[in-house]
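Take a look at the structure below.
Per-chain residue numbering starts at 1, and chain names A, B and C are given in the order in which the chains are listed.
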Amino acid sequence: MKVIDKSDFDVFVDNLIANDDREVVGVQEKDSKFAFETLQSADDLRLDYDVTILPPKKYFMPQRETLIEYNLDEGETTPVNRVVPRIILGIHPYDLVAIEQMDKVFEDTHEDPHYLEKRRKSVLVGVNMENVSDKSFAKTMGTATTDSGYDIMLTDIGDMYTIEVGSSKGSALLDKAGSAIDDVGPEEIKKVKQFKEELSEKFRTDPKFDPFELPSLLKEYYGKDQFWEKNSEDCLSCGTCNLVCPTCYCFDVQDINDISLSEGERMRTWDGCMLEAFAEVAGDENFREEKAARYRHRYMRKGRYMYNRFGDIACVGCGRCSEQCLPDIADPVDIFNQMKEGTS
Amino acid sequence: MKESNLTKEENVENPGTSPYSTQKARIIGERQMTTDSKLFTLELQSGERLNHDPGQFVELSIPGVGEAPISVTSSPTRRLDSFELCVRAVGNVTNTLHEMNVGDSVGIRGPFGTGFPVEEFQGNDLLFIAGGLGIAPLRSLINYTLDRRDEYNDLNILYGCKRPCEQMFEDEVDHWARRQDIYHEATVDFCPDKVCWDGNIGVITELIPGVDIDLDNTYAIVCGPPVMYRFVLEELDEKELPHEQIYLSLERRMKCGIGKCGHCQINGAEEVLYACQDGPVFNYERVEGFEEAI
Amino acid sequence: MKPKVAFFDFAGCEGDQLQVANLEERLLDLLEIVEIVNFREVISQKSDDYDIAFVEGSIATDHDAERLEEIRGNADILVALGSCAAIGGINSIRNSQDPEKVEERVYGEDADKVEAWDKAKAADAIVDVDHYIYGCPIDKDEFIHVVESLVQGKEPNIPTYPVCVECKMNENVCVFARNGGDKSISSAKREVQVPGSQEVEQGPFCLGPVTRAGCDAKCINEGTTCWGCRGLVDNPNQNAHKKVLDKYGLTVEEVLNKYNLYFGWQQEERKDE
């Protein structure tokens, strides 16, 4: 473990912004919320944030992304993969865990270079959570801290950050800070330990379940139609819970033509299983026409299906869905608690 | 800010390994099958074979319009350097394809998915039950088994359409009907006056009792519109055909074909199936617990 | 042959045709794929020979209805251009009010001479409409997409989901969470400044959760809110949305007022169903 003075860290970041070939992005304030955005100055970086509106997945799987360019006059198609190599500053542990899960999805079966190239060319700078959002239950999901997924990991211990190096990419990045990096002393190690102990007291949600129970709870509740109907009654089918989720990756593909009809792009865009038309097939058949069926599908994905496929519970407890759902019906803690209480 | 992004953007060379890249295929034949369905013969520009299994599908790409998943209807035992797609005009991609002509090019990705277990079928009786356009994926398997006739026992083909004019592959259907080593029955839901039809009139389930099913070594292979499955499966239950001896080909909107986009998931209490990976051909016993399957 | 395109206007501000005129150089690109034979805002020529008719404005008089039927007869494809034609639009605010009072308020002593119907209607209340371009005004890119699709013989891809989708993709701070607003606090009613003016009103409100997307959440991107100009999605969960607005302190009357701004005609249609 290493340490860096906060003032040196700012100089380090400003140097990266000015000199590194890669784009430097980090968490910044946006109105009263936070978002990952291109960083103009280290002063704008808010490593004390609680949660961002969107997770950093947007850098590896952009909201809209070109897969193919085509020229209709000449009948030519050209595969494209536009990659902006980035240094991403301030990723919380739960989002790092989510990124590791997403990696598996895009590596499985056919590798997806559009995602994977962006991942490979990015440096992930994690930061341990100093503040915890009202809806977070990362502690319960075991994602409040993590030992992997980052290139380097920062912990704020007052005047300085401690730094854990997770990869050669991370140590190469750290080399750019030169002599500002010091070896860690026993005092600082103690402070990190204390930081993590205090963190576990900061969670304000009240989950009554263990994440390892989720696959079996969901299996048991799958057929309880009334449960899903009752809980989804106020669903707006707006897809917010999908779009803000760090482990949701479903997408749509559309061809967007330019007005002269001579060229265009095949784009992939974010999609969501909560949207009405998601499971439509040709001829107007819709395999998930009722909002209760779509609502159930989301929970099954998070707590059971992904577990079956990859061994991961695909909910990292970030709390974004519950924070951003307007009718307040997307809180996994509430749903899983109901299930747990209903069975015990 | 955008400009600085541009300078830092790099295009990755050779994303040709992208599973979304298409390969060019040329339309070398076109035949009207019914008022809204056409049979297209295609050949890959690379000169390579498609190398598909019966029951697999391709993503058909028309730049500027989009992609649509289509089952391959030709058998890999025939047409070594080309393949056939039987396409109903129901959406933007298929409508546009119908406007295209011999010589025009389209894009192809695939073949994708899990087809019929042709080896498991060997030495058994096969009962094909096709409704409407469902004949398209089954034809690939039917012709496959005909070309390897000695590997399979009795072949029974039941084919139902709404009306006589909707029957496809007429010449081949005639051929099946004439062959002594195939039991073949066709039905239409309705036959207008003055239309010549010597087959059955009624729903396809009416044909099932007429088939002599040896329960120990018969596989039923079913493909048709969603509404057909329930009735056919009920009738097969009457016959007490074990569910593990029934195979279905299910239609979903496979957008990516490679198990990522999420659109073709079929969910159940136990697990989720991807029609594009685990299917489109499924064993009935495997999917019957899946509420969304049928 | 390039399809012939004509534009017609009914009760409305012609703001949608203005959007088309404002395509500027892209309008020239558009002329590569279509021939414009009727477009009052741009050309003086007039013709009854056209393939695609874009009609703008609500239908509000017998004369309107006759003229629309005639257009329908001439056109292969009829497109409702903008909210007034597509969903009744802002003209249908008056639908829920006493017609006599409305006429008097607007026309004063001349109120007797007004021949308008009591209700402003969407074009599809009179004739079959093949395609809809929503918005007040329309989105230029969506207009291009529709034209391009029709020329290619494709079904245009118009979103069926609500504005929230695009708003989230743009990572906007939700209107209800602005200025530190917290949705977990009930009756979070507070004064918000009406964007672009000095006025203050009770809020926050946003119709994005029940309004059809396709605008890229423009208004919210710019710091204002969604007034619902693209009309309701096909299956809006109005009850849930009203509960949300109630939680933020809007009275029933205030909610109805917001809904009536653009949803007036659609609401009546939904009642009839």
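FYI, contacts are C-beta pairs under 8 Å (C-beta built on N, C-alpha and C of every residue); 3 or more make two chains touch, one makes a residue touch a chain.
All values reported here derive from a predicted model rather than from experimental measurement.
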| item | value |
| --- | --- |
| Most distant chain from subunit B, judged by the mean position of its C-alpha atoms | C |
| Dominant interface by contact count, named by its two chains | A-B |
| Central chain of the complex, centres being mean CA coordinates | A |
| Distance between the centres, which are taken as Cα means, of subunit C and subunit A, whole angstrom | 35 |
| Between subunit C and subunit B, distance of the C-alpha-averaged centres to the nearest whole Å | 42 |
| Where subunit C touches two or more other chains, by residue | 152 |
| Residue list for subunit B, restricted to those that touch at least two other chains | 64-65, 91 |
| Residues of subunit A engaged with two or more neighbouring chains | 254, 257, 261 |
| Partner subunit B, residues of subunit A touching it in the complex | 21-23, 38, 67-68, 70, 72, 75, 77, 79-85, 105-106, 108-114, 117, 121, 219, 222-223, 249-255, 257, 261, 264, 266, 268, 271, 273, 278-283, 285, 287-288, 293, 296-297, 300-301, 304-305, 308-309 |
| Complex contacts: residues of subunit A adjacent to subunit C | 30-33, 35, 53-54, 58, 63-64, 134, 233-240, 243-244, 254, 256-261, 269-270, 272, 275-277, 291, 324, 326-328 |
| Complex contact set, residues of subunit C against subunit B | 149, 152-155 |
| For the subunit C and subunit A complex, residues of the former touching the latter | 26, 29-30, 32-33, 144-145, 147-148, 151-152, 157, 160-162, 164-165, 168-174, 176-181, 183-184, 208-210, 233-235, 237, 239-241, 243-244 |
| Contact footprint of subunit A on subunit B as seen in their complex | 1, 4-5, 8-12, 15-22, 63-68, 90-91, 94, 105, 107, 226, 251-253, 255-256, 258-263, 265-272, 277, 292 |
